[in-house]
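There are two complexes below, and they share chain A, which is joined by chain B in the first and by chain C in the second.
Then we have the complex of A and B:
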């Protein structure tokens, strides 16, 4: 990234605006990746008031399964939904085994369980898949595409497209269908929702399935961008996603999406303009601190 | 239609209602009266399936529903208008009604909504508004409408008139009596003794979780001594 900074100083005006456009696009690419990861976390918080740290472990698992299935079948198109579905089911199992029995305990109990689970998951991946990380035999979506004069990798475009499509579908499900209405009713008042025949436990399963499957898709695209899957790849996304859901107003879905995009864009510009002083991965927290100083409730009202 | 037999219910180690016997005839309005903390809401929510039964049982339409979930109770025709309305505040008026009809086939949803709009025309212009933004009176209408969407045979109403201006109270009572005339059985919990006695056919008075007086609404209205002793002067 530093070579670009130097380049900027010697190029004329038009290149400046070109650079800004490119930074914006890079920001959107990262923002859509953050969004697809953070959404599941936000959903779980909205429904159960649990900070589901182990969510990032599912993101990693998505990366592993996507890569292994792609290597085995040669088809990313096939591997993605299968990996997402498997991870979705594992998310449901985590709810059943880890959270369901301790729901009536204070929230920190679930938080501790979740952190423990996340650490355990990283170790399990290390044991099963080895410590050094895996790569694609023939990495898909690596060809270049032109987008208004910018060179992008197909995987980057794919990240944005897939994330937009899935999150739009999620929004349709939650806003327009009976199931989605039942889901939001359970978030508002689980006892009353049950009183009108909505099974809160089934809503929670659905919640974990969808959130985990989305995280898995995020993991697959991140692995495509870096051509690497390793046990610890969930670490950075896990704390960034936490920053994002706090920024977006805890449990607020729309806020989460906007905060994710905002973080992506701020990071993209930040690497160029404040990159000398602040590491890219620290920008999330700088942004979090600044915004919480101005608006302690986050960008949007939470729950 | 509904029989409470020696019902005791409460929360964890706290028992709110003791040994309550109550028969509710189909097509009647039963008023449950009593001072604050007497156990009225607990009784109602226990019938709806939300408060743990400690002793006795609940017989509804000849079957013992003591162990059944709130979900199966609403399916069998018991709906609740809870204390404080407890709407889904971030859902729209229409979505609240959709949730109300969740246990009924989707095709009947529109018909149910039309009936609610007939009963409460004021809600018609507010279908897209979030429930949390409604006035208190409109919220009570919506709470009743939401319960009606589940096509109940037994309607449990807690604090129908609380916090409403007199005109709103009239609208809500008119709705309740109209529903009752159409055949719905109603259990009504009220602070407003006067209004409740007007509407009700039978009365049960609770004090500290015990039934202390039972009889017809006419007897209750004529029994000033009882009203003074248990219900205060209203």
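Then we have the complex of A and C:
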């Protein structure tokens, strides 16, 4: 339809390098999707040492709210920030209600609470929105885009662009603003940060807000790719994001991003070349095992 | 102290409630039904349950069976084998059902089938496709196609009806997808079809970018892709979005209005093998479609028709047996020939159904008649 990214189409399609390029692009699209989900999880782990499994439930909620708001208003541009903000606030509420009271308990207590919450969320979505899943009345961003001879959907390009923009903004926020510096100080040494007058609880709320809002945006774009939001759509991200943050070195944001992209690309090629023997979802864990055998601390040292 | 009184009160009312339902049960004939009401398969379970409830309502409205009302006892098995076994025991031991029906997937159905066979209570699988289900024994029947059989019908559809010879298979990695692919490949040669590549995906996958890229490079004449509406919808829309225009052939897993909603315009022209003909002139099928859509409030699908079919078959067998004696019902089932919403049901020696395969196509946002494959040799289920 539009040809904004149009390039000269010189490759004969049968050449394998073309297929590889296409698989690489698919890998980057999936990697961006994993990145935007895993970052929130990594943020929470970095700050609180909690494996926040229910994060994937917020990803699903983002998908639902984005879809319902888009169907109601006809505008994805309006729906995305509203859904992200609402889910961000719900993330803060989850912290207050679910994690805050048990922070002094061993980490597995929070993990169990989180898993329980995640299962409850899936069933609540099923009760409220029905078991069949919802689809966009008129799915946005479905027009086709040419990118160096590859035909892509605008939603796929959107996934990468939105993910890059938001994660760059997050990096700017944490490096260059007072707020970000306070946040990083709290992650490094909560007691020292507190003695400098940083309110640790406020930092945690901010952390949950940002992480959850990012997951919501991820949920919206994933549902644009499949035109389907279902109660269980958080299932795969819930454990794949865990694999990613372990791979990236627990709590290390840069590591998380690289691990997400790496996993996306390995999966794209793996689905085609080893998919007969190894399930795509198993590839994540095979990669995890191989890398942890070589580098037990993950790709990058954790905190 | 106060709390313990509340607990006693609640348990008393539960016991009384239980006694009440037990005393009412005496003048009904119970049919046990397990289907996923929660979890990933809840959508299929819900449709199947409504289909089964509709059949019970229709039978009761027409006077019931053996002068008694039918009662459907429904449990949620979450499509999990581990849930199905205690449920089967409960249906047999506590509810004392005359016939058990599975409105569930293969895993749960296989588990329950063994329990029903052991207790020698007749058991009908409404749409589970695994071959081992009926091999549990002579009390187990299946009113839907085996994956293998439907796969063979798919090969005839591609090679004979559509005249496409170079095919890529995209297989859902579970017993459903794998047995369909096996059937397709077994019959492919007979219809001159060459399978140039096969890819697999897991039931949780919704993003198929990599497979789509490779299929595009393969340049097939048609794609045979197994899946359920929630995987096939995204798959078909992603294939079309990437510029793959060749025919996509699916099966009964696609058979839902949800598939069309998810895939949108990309669903147009998708052809499937299934057991429900939307444009059927057969009164049983017509009436069922109208009644179901009125009761459920959404469009009919294959699992709904399958749930409906299984209850109708069970009721007819009880009526023909003239009693609720399990052995007599079993014999009546084995000899049955009954016209229902999904065709004419009769069983072979193993308890596998022998009926025609309906071929449907998406046209203007609805499923419509495309062809019927009624080739007894091709569709012959295994007899042992």
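Definition applied: the second predicted complex is superposed on the first by the 289 of 303 C-alpha atoms of A that agree within 3 Å, B and C clash if a C-alpha of one lies under 4 Å from a C-alpha of the other, contacts with A are read in each partner's own complex, and residues count from 1 in each chain.
The rule is simple: contacts are C-beta pairs under 8 Å (C-beta built on N, C-alpha and C of every residue); 3 or more make two chains touch, one makes a residue touch a chain.
Worth saying up front: this structure is predicted, and the values here are computed from it rather than measured.
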**Q.** Fit or clash between chain C and chain B when superposed on chain A
**A.** fit
Q: For A:165, select first, second, both or neither according to whether it touches chain B, chain C, the two together, or no partner.
A: neither
Q: Once the structures are superposed on A, label A:135 by its partner contacts, choosing first (chain B), second (chain C), both or neither.
A: second
Q) By residue count, is chain A touched more by chain B or by chain C? A) C
Q: Based on the superposed arrangement, let me know which partner A:145 touches: chain B (first), chain C (second), both, or neither?
A: neither
(Q) Tell me the contact category for A:198 with respect to chain B and chain C: first, second, both or neither. (A) first
Q. Where does A:185 make contact in the superposed view: on chain B (first), on chain C (second), on both, or on neither?
A. first
Q: Could you say whether A:289 touches chain B, chain C, both of them, or neither, answering first, second, both or neither?
A: neither
Q: Could you tell me if A:93 is touching chain B, chain C, both of them or neither one (first, second, both, neither)?
A: neither
(Q) Quick check: superposed on A, how many Å separate the nearest Cα atoms of chain B and chain C? (A) 34
**Q.** Residues of chain A that lie at the interface with chain B and also at the interface with chain C
**A.** none
Q | Contacting residues of chain B [partner chain A, same complex] | A | 48-50, 69-71, 74-75, 79-80, 82, 86, 88-91, 95-96, 98-100, 102-103, 106, 146, 150
Q | Residues of chain A defined as touching chain B within the complex | A | 178, 181-182, 184-185, 188-189, 191-199
Q: Can you check the complex and tell me which residues of chain C touch chain A?
A: 38-40, 42-43, 45-46, 173, 198-202, 204-207, 209-211, 213-214, 216-217, 230, 233-234, 237-238, 241-243, 258, 261-264, 298
(Q) Please output the residues of chain A touching chain C within their complex, sorted ascending. (A) 13-14, 18-19, 22-23, 26-27, 29-30, 33, 123, 126, 130-133, 135, 139, 142, 144, 151-153, 156, 222, 225-228, 230-233, 235-236, 267-269, 271-272, 275-276, 279-281
